[in-house]
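For reference, the structure I am asking about is given below.
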Amino acid sequence: MTRWIRFPLVSVALLILWLLLNQTVSAGHILLGSLIAIIGGWSLTLLELPIARMRRPTAMIRLSALVLADIVRSNIAVARIVLGDDRGRERKSGFIDIPLELRDPYGLAALACIITSTPGTLWANFDASSGTLTIHVLDLIDESEWIRTIKSRYERLLLEIFA
Amino acid sequence: MLLIAVIALPFAGSCVAVFFRANDRNAEAYLAGSISLVTLLFMATAYPLVVGGGVVRYRAEWVPTLGLEFVVRIDGLAWALAVLIAGIGLLVVVYARYYMSPADPVPRFFSFLLAFMGAMLGIVLSGNLIQLVFFWELTGLFSFLLISYWHQTAQARDSARMAFTITSAGGLCLFAGVLILGNIVGSYDLDRVLSSGDTIRSHALYVPALILVLLGALTKSAQFPFHFWLPRAMAAPTPVSAYLHSATLVKAGVFLLVRLWPAMGGTHEWLWLVGSAGLVTFILGAFLAVFQQDLKGLLAYSTISHLGLITLLIGLDTPLGQVAAIFHIMNHATFKASLFMAAGIIDHESGTRDIRRLSGLWRLMPITASLAMVAAAAMAGVPLLNGFLSKEMFFAETIEVHDNSLVDQALPYVVTAASMFTVAYSLRFIRDVFFGPPPKDLPRTPHEPPFLMRLPAALLVLACLVVGVAPSFTVGPVLDSAARAVVGAALPEYSLAVWHGFTPELLMSAVAMAGGVGVYLVVRSRLLVSEGPPVLRHIDAQRIFDRVLVALSWRLARWLEATFGTRRLQPQLRLIASAALIAGLAPFFIHGLAPGGALGTPFDLAFALMWAVGIACALGAAYQAKFHRLAALVMLGGAGLATCISFVWLSAPDLALTQLAVETVTTVLLLLGLRWLPKRTWQIDSSGAPAGIRWYRARDFVIAVAAGSGLAALAYLVMTRPATESIARYFVENAYVKGGGTNVVNVILVDFRGFDTLGEITVLAIVALTVFALLRRFRPAAESIPVPEQQYAQDSADEAHPDRQKGESVKSAMAAPALIVRLLFPVVGVAAIYLLLRGHDQPGGGFVAGVIMAVAVILQYLAQGTIWVEARLRVLPVRWMGIGLLLAAGTGAAAFLFSHPFLTSSFSYLEIPLIGAIPVASALLFDLGVFALVVGATVLMLIALAHQSVRSHRAPRAPGAAAKPSVSEVR
Amino acid sequence: MSRLTDHLIIAPVLLPLLAGAVILTFGSEGRRNFNAAVNVVSSFALVAVAVGLLRAADAGPGLAGVYRLGDWPAPFAIVLVADRLSAVMLLLTSVVAVAAVIFSLARWHRAGPHFHSLFQLLLMGLNGAFLTGDLFNLFVFFEVLLAASYGLALHGSGAFRVKAGLHYIVVNLAASLLFLIGVSLIYSVAGTLNMADLAALIPKIRADDLALLEAGAGILGIAFLLKAGMWPLCFWLPTTYAAASPPVASIFAILTKVGVYIVLRLWLLLFGNEAGASAQFGGEWLLLGGIATVAFGIVGTLASQDMARLAAFSVLVSSGTMLAAIGMGQVGVTGGALYYLISSTLGISAFFLLVELVERGREPGADVFAVTREAYGDVDTPDEEEVGIAIPATMGMLGFAFIGCALVIAGLPPLPGFIAKFALLTAALNPSGSSPGAPVPMASWALLVLLILSGLAALVAMTRAGIRAFWASPDRAVPRVRLIEMTPVVVLLILCAMQTVHAGPVMRFMEATAQSLHAPHNYVRGILGQKAGG
Amino acid sequence: MNTVLTWSIMTAQILLVLAMACAAFRILWGPRAQDRVLGFDSLYLNAMLLLLTFGIGSGSRIYFEAALIIALLGFVGTAALAKFLLRGEVIE
Amino acid sequence: MNQAVAVPAWVSMITAILLIAGAAITLIGALGLLRLRTFYERVHAPTLGTTLGTGTIVMASMIYFSAVGSRPILHELLILFFVTVTTPITLMILVRAAMSRDIIESQKSSQ
Amino acid sequence: MMEIVLSLGIGALAGSGVWLILRPRTFQVIIGLSLLSYAINLFILVMGRLRIGAPPVLPGATKGDPAQFADPLPQALVLTAIVISFATTALFLVILLVSRGLTGTDHVDGRESEQ
C-alpha cells in the first residue's frame, strides 16, 4: 500500500480535485476518483518528488489567515499606488536580500507563492548556496522592516510546518 | 484473321529477335528472312483476289465506341507496296547479313528492322485512317532507332533525331488532318473516306485538312522544304538506307498521297500545293545530287529528286499521273535499293564513299560495277530499263494541259532541264567511281564481296532489266490492279510498251540524255575540287535545324517558362490569393449583391472592445513578425485569445476549450522553433527601401486589405441572412436519442461524423511522424549551434564564482517553480481525464484531453530539462499513437461483428455493484483512441524539437562556427 | 449490411489505416522488413479490393454501393460511394502504389524513417478522397493525403527537397484554408455537406443566395484546381515532384489526379445541366485554365534539362488536358479524358521510377543521396552489397522502358497515349448528336492544337533527354539496377500496352463512367433514396 | 435575471475588457520583451475573469471549464516565454 | 438570454457588488501596467487581479450559482487555487529573466 | 450588432494573415498562416449564424429542439479544422527550421532574393 501511496496528501488532494470537478460525492465517483488519485500520486514517484513532512496544522491555519489578510491589505496599498495616491511622498522601489534559514523545498515553494502572490513584493532570486533570498518591493520604505516581516511572519511559521 | 498475322508477324519476329545472341547474324537473318518470305508467299496467295480491282478486307473490333476498327484492307495498290516492302525487305536482310560486322550487336538491328517492316506493312494495309496514322508514327519511331543504330557517333544521333522530329511532327499533323477528315466524313474507314471525295472537297475544312495531310506526307517523303533530313539520315548503316530510302519510309508519304488522291485530289489546291512541292523538290534534288561527293549523299539527293518527281506526278492531278506515280514508286524502289547496296559494297570493300577518292573500281570489282552501272542507268532513264518507262510516262504527263497557267506551259521544258541533272549525276556515279585511273590511298584494297552479298543487288538489277524490256508481261497486271485501286473503274487507257514511236516525250528523253552528258562534262572539273553545290553549299540544314530547334524548344521555352511561371513562393501565394479573391467576388458581379436581413444581435460593448484588442494584436503581429519575432508570437497569442473568447460568446464552449489548449501547445512549439532562427537586425528602415520593394509592399497591402475585406464581407452577408434549413436539425434531435450523448458537438465528432475525426487524428499522427523524421536529420545553421547568449552569460558568471557550479544559480532560483510544476503533473492529468470522460455529455472530449495531457508532460520538460525527465519518465509517443489509431479504428471496426457498418456506435447502461448504472458508449472507447493518439502525437512533436538542444549541445562544435554565443533576436 | 462483401467499400480506407497503425505499433525502426511486408501485403490487397469494387460498379447501374458510416442515414452523416469513377481511381492508385512500394524496397525505403507507415496513410487519404460522398469528409481526406505527402515529399531529406517541400507545404496550406472557406460558405447557403444532397438542393437555392453559393464553389474550385495543378496555380508542382524521391514522385502522379477527380465529380454533379441558374458554372474557366496549363506544360517540358522535371511538367500537361476536356462538358470528351487519365498516370508514374534508374548511372541523384547521408551522419546507411548484381542488358531494358514512357507521354503509338488522344479529339470534333461535317466549336480546335503541340513538345524533349542519357556518353557506367526496381516499371508499361490492346472494353467502361457522371441520377438516387434525384 | 445583475455583469465585463486593453498596450508597445510577456500573462488572467462573468451572465455552467483551463494552463505559454527569455531556449 | 431563474434580490446585490469590485480591482492592476515606470514595478500590478480580483469574481460566481442551483457550488475554488499556484511560476521566471537580461545588457554597454 | 464586430475581426485577422504569408521570411509566413486559420475558424463558425448563450449541449436525456441551440455542425467542423491547422503549423515550423539549417537563410525560397 505504501508503495503505491507514497504521497497520501497529494492523493487525497487529487481525490478532492476529482470530486470538485465532477461536483458529486457519489460512490462511483469516489471509487473512480480514488483510482485516479492513486495513479496520480504514483506518477509523482516517477518524477522523484521529495517526500514532504508536514506538521502542525494549526500553524498552517495561522499562516493561511495571515497571508489572506496581508494579501487584502497589500491589494489596497498597491491599488493606491497605481491610482497615483502617493500621499505626496516620493515612492521608492528596489531589491532587498534576505538571509533565510528555510531549506525545505516545499517550504521555499510556499514562501515563493506567498511572496509573489502578495501584491507589492516579488520573489526575484534565491541563492541556495548562501540561502539568500532576493525580493523586489514596490514600495520600499525600510529595508530592515521588510526583512523582519518576512522572517518573523512567514519563515517562522513555514519552519514550523516543514521542519 | 490471317490478314492480321501479316502485320503481326514482323512485330512478333521483332520481339523474338531481341533474345538472340549478340553476334548471331545467321539466326537473325534466317528469322527476318523467313518472315519476309512468309509475307511474300502470303501476298502471292492473295494476288488472285486483288488482281483486276478486287479488295480483301478483314475487320476486327478495336474501339467500337469510337468508330475505330482494325481493318486490314488489301487492294491492288496495297498489294504492290506490300510486295515491295516484303521483297526488298528480304533482299536487305540477306545483304545485311554480310554487311554487318561480327562485332555489331545485331539483335537490335534485326529487331528494329522487322518492327519497321511490320509498321510499313501496317501503313499500306490499313483500312482505317487512324490505324494508318498509328502505323505511320511507328515507322517514324523505328526509323529513328535504325538510323541511330551507330549511336556512338554524334552524326548518327543528330541525324536520327532530326529525321524523327520532322517526320513525327508531320505525323502529328497528319493525325490532325485525319481527324478533320473524320469530322467531315463521319468515319475514319478508308472505304467511306475514299467514296466521300465530293463531300470532302466541298467542305469548308477541306483546305486545312489538305494542308495537314500534306504536311504529313511531304515530311515523310522528304519533299521541299522538309527534304533536308534525308541526306543526313545516311549516317545509318547502308542496309538501313537501302531499305528506308528506296522502298519503304520515304515511299509512305507518296503512297499516302496516291491513296487519298480519290478523296482529296482534283482541286486547284491539290494541283498547286502537291505539284509545286514535287516540282521544286525534283529540280532541287537533282541539282544538288550532282554536287555530292559522298556516294550515299548522291543517292540521297537523287532519292529526294525522284520522290519529287513522283509527287509532281501525283500533283498533276490526272488519273494517268497517278498510274505513272505508282509505276515510278515501284521502279525507283528497285533501282535505288540496288544502288544503295552497291554503294554499301563499295564502302565496305574500299573503306570510303568519297567519289573524289574512288575511281577505276571497274577493274577491281567488275560484277558489282556492272550491277551498279545498270541500276544507275535505270535511274537516269536509259531505255530498256524500268526507269525509262516511268520517266516517259512522266514526260507525257507534263505535256498535258492541266490549268494552262504559265507554270503549266513551262513545265515540259523545266522538267526536261531538270532531267539533265538526273542524267548528269547518274553519269557521274558511273564515270567517277568505276572508270578512270586505279584508285590510290584507299583505306582498304577493294575486291568483290561474297556472292550472297551481291545477290540481292543482282536480283534487283535483274528486275530493272526485265521490267524495262517486257513491262506488260511483268508488272503490267500488278500496275493495272494498283491503278484501278486508285483511279477506279474509269481507268483511262495507257500503254506500257517500250516503243511508242517518235513522241514528244521521247524527244524530251533524248534531250535530257544529251543535256545530261553536257552538264556532266561542264561541271566535271569543278566537281573534283568543289566542296558542294554552288550557292547552296553554305546552307547547312542540320545546323539551321539544330539552331531553330534550340531557339524554339530551349531558349524560347525557357524564356516563356520564366515569364509565365516562377519558382519563387511569394508570387505563387499572390496568385492564389488573387485567384481566390476573384472567385469569391465575381459571382456578386453576376448575381448582384443581396444583403441579408437585419442584425440579429444586440450591441455588446465588452465584445466590441475585446475585438479592438484582438484586431490590434493581429495588426501588431503583422507589423512585428519580421524583426520582433517574440513580440509577434505574443501578439498572435493575443489574437488567438480574442478568437477563443468569441467562441465562448458564440455558444461554442468546446471550441474555446480546444483552441485554448492548442494555443498553449502552439506557443511552446513556436518558441522551441524560435531558438533555431537567425538573429535579424533592423537593417534598412522602411523609408529607405528601394522603390521596387515599396511597390511590392503596396501591392501586397492592397491584396491583403482586399482579402480581409472580402472575407469580412462574406461573413457579414451570411451572418445577416436567416438560417437555412440544415442537416444540423437531425444531429440536435438525435444526439441523445440515438447517439447517447447530450453534447451534440461531441456526438457529431465521435459518432455522426466519427469518420472525420478518424481522418483528423490520422493527420495528426502523420504530421508527428513527419516532424520526427525531419528532425532526425535536422542540422541547425552554424550560428544557432552555440548555447544562447543568456546561458552563456549565466554559466560564465557561475564559473567566475568560486563555490558555484555551472548553471547552479539559475537552478536554485528556479527550484521553487520547478517543484510546483512537478506537483502540477497529476493535477493537469486529472483535469485531462475529467475532460475526456465527460466529453460525450458536456464540453470536453478526447482531443482537448489529449492536448492537456501532453501539456502535463511538456511542463516537466520545461521545468526540468530533457535529460532529467527522460531519465525518469519514458513516454513512448509512437506507441501511443499506434495504439490510439488502432483503438479508434478497432472500435469502429467492432461494428462488423454485429453486422453493422464501420463506426456504428452502441451505448447502454452497465450495472455495477455499489456504483449503479453507468453509461457505456462505444463512442467513449473511440474517444479514448483519439486521446491516446493526440497525447502521443503532441508529445512526439514537442519532444522531437526539444531534443535538438540536447543534440546540439552534445555535438562537437563545428570548425567554422563562431565560438561566440548566438544573440537572441528579442529586444 | 450482413455480408462481408458489403463492407468492401470501407476496405480501401480501413486497410491502409490499419496497416499504418500496425506498423506504428508493432514495427519499430529496426524492423524494416516487417514494415515493408505489411506495406506490400496491404498494397496488393488494395488492388484486389479495387478490382472487386470495379466489377461490382460495372455490374450494377453504376454504383457498387453506398456505405453509410455509423449506420446513420444520408444525407446527415458521412457516406462512402463506390461508382465506376471511384472504383477506377482506386484501382489506378493501388496499382501505382504496388509498383512504387516494390520499387522502394531496393533502396529508397531506407532513405528516412517511417516510409512505410506514411505510404499506407497516403493511400488511405487517396482512397478516402475517391470514395467519400461528403464535402467536409473530402477535406479531411485531402488533409490526410496531403499530410502524408508532405512527409513523403521530404523523404530522403536534402536541401533541394526541403526547399521544394517548403513551397509545397505553404501552397497547400493556403489551399486547405480556401477549401474550408468554400465548404463552409456552401454549407451556410445549402445547409448540407452531402454531395448528392447538395446536387439535389442547388437547383432550389434562392436567387438571393446564388452569389454566395457560387462564391463558395469558386473558392473551393481554386483549392481543387491548385491541387490539380492548373496554371497559374501550378508553379509549386514541377519543383516538388522533381525533388521527391522516385517512388514518392511516382505515387504523386496520382495526387494531382485527385484534384482532377474532384473537379470531375463535383463540377458535373453540382453544376451539371440540371443545376438551374448555376448550371455549367465556371465551365469556361476550366477550359481556359486547362488550355493555359497544357501550354505552360509544353513550355516547361521543353525547358527542362532534368528528366525528373520533364516528368513533372508532363504531369501538368496531363492535368491541363484533363481540365480542358472536362471543361468542354461533353460526355464523349469526358470518356476520352478518363481513358487518357489512366494511360498518362501509368506512364508518368513509370517514368518517375525510371528516371532515377537512368540517372543512377550518371550519379547526380545518387550523389545528392550520398551527400545527404554523409553530411547528416544518419544511421540509415544502405549497405552496398544490397544494391545487387546488374541485370543483364540493363541499359537495353532501361532504354526500352524509356521509349515506352516517352511514347505514353508523347501520345504516340503503340501505347495508349495515342488512343487516348484520338478518343479525346474525335469526341471533341464530333460532339454527340451532331451530323458529320457540322461546324466544330472553337474549344475543340484549341484542344486539337494543344494536344498535337504537347505531343510534339514531349517528343522533342524526350528524345533530347533520352539521347543525352543513353547515347551521348557510351562509356558511362552501366547503372546497377535490381530486378525489383525494373519490374515495377515494366509492369506499369505492360499495363499501358494492355490498355491499347483492350482499348475497346476499357473505352466502353470509361464511356459508361462518363455517362453516369454527366447524368448523375443514379448516383443521387443511390445515396438519398428513391424520392430524390428526379 | 434582474436588472441589477445584468448591469453589473455588463459593467464588470467592460472593466475587464479595459483591463485587457491595458495588457494589450504592454504587448504592443513593450518596450522590452519581458513587458510583452507580462502583458500577455495579464491578458490571459483578464480573459479568464471575463469568461467567469460571462458564465454568470448566461446562467450556465457550461463555460466553467474554459475558465478552468485558462486558470490551470494559461501560465504554460507565458512561463515558456519567460523561460525563453531567461535561458534562450524553452526546453534545455 | 438565458433560462431566467429567479434569484433573491440580496443574492443579486452581493453578486453585483463582488463582480464590480473584482473587475475594478483587476482593472486597477492592469492600469498599473500602464502607469508604473519600470518593468520591476509593473510586475507587481497583475497580482491584484490574480488575488483579490479573481477571489471576488470567483466568490460572486459561487454565490450566484449556489443560489440558482440551491446547493453549494464549490468548484470555482479550483480556479482560485490554480491561479494562485501558477501565477508565481511565470512571474518568478520572468523577473529572473529580466534581471539576467539586464546584467547582460549592462555588461554589453560597459564594454 | 455583433455581426459587424465579428466581420471586422475576421477581416483584420485574415488581412493580417494574407499580408504576412506574402512576406519573404518563413517566420512571417507561419504567423500569417496561424492568423489566417483563426480567421477561418471564426468564419466557419459564423456560417451557422450567430447564437449567443445557446451552446449545443442538451439539458438532459431528451430529444433536442434545434431552435433552442446554436448550429452544432460548424462547431464540429471547426474542431476538426483546429486540429488540422495545429498539425500543419507544427509541420511547417519544423520544415522552416530544417530549411533554415540546410540553406542558411530563413527566406522562403531558400536563398536571398536579388531585389
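Just so it is clear, A, B, C, D, E and F label the chains in written order, and each chain counts residues from 1 on its own.
We take it that a residue touches a chain if its C-beta (ideal position, glycine included) is under 8 Å from a C-beta of that chain, and two chains touch if they have at least 3 such contacts.
Computed from a predicted model, the values in this text were never measured in an experiment.
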- Note on the structure: Touching both subunit A and subunit B we find E
- Query: From the centre of subunit B, which chain's CA centre is farthest?
  - Reply: A
- Cα centre of subunit C to Cα centre of subunit E, whole Å, reads 56
- Message: Based only on mean CA positions, could you tell me how far subunit A sits from subunit C in angstrom?
- Response: 62
- Task: Express in whole angstrom the distance between the two chain centres, defined as the mean CA positions of subunit B and subunit F.
- Result: 39
- Taking each chain's centre as the mean of its CA atoms, how far is subunit C from subunit F in angstrom? 28
- If you look at subunit F, which of its residues touch at least two other chains? 21, 43, 47-49, 52-53, 55, 57, 73, 80, 84, 87-88, 91, 95-96, 98, 102, 108-109
- Which subunit C residues sit where two or more other chains touch them? 136, 140, 143, 147, 150, 154, 157, 166-167, 170, 174, 181, 185, 187-188, 193
- Item | Multi-partner residues of subunit E (at least 2 other chains) | 1-2, 29, 31, 43, 45, 50, 75, 78, 85-89, 91-93, 96-97, 100-101
- Message: Could you list, by residue number, the parts of subunit B that touch subunit E in their complex?
- Response: 789-790, 793-794, 797, 810, 813-814, 816-817, 820-821, 824
- Partner subunit B, residues of subunit A touching it in the complex: 10, 14, 17-18, 21-22, 26-28, 31, 36-37, 39-41, 43-44, 46-50, 105-106, 108-109, 111-113, 123, 125-129
- Query: Which of the residues in subunit D end up touching subunit F in this complex?
  - Reply: 57-58, 60, 62
- Query: Residues of subunit B touching subunit D in their complex?
  - Reply: 605-606, 609-610, 612-613, 616-617, 620, 630-631, 633-635, 637-638, 641, 644-645, 648-649, 653, 656-657, 660-661, 663-664, 667-668, 671-672, 674-675, 787-791, 794, 810, 817, 827-828, 831, 835, 842-844, 852, 855, 858-859, 861-862, 865-866, 942, 945-946, 949-950, 966, 968, 970-971
- Note on the structure: subunit E contacts subunit D in the complex at 1-5, 7, 9, 12-13, 15-17, 19-20, 22-24, 26-27, 29-31, 33-34, 39, 42-43, 45-46, 49-50, 53-54, 57-58, 60-61, 64-65, 68, 75-76, 78-80, 82-83, 86-87, 89-91, 93-94, 96-98, 100-101
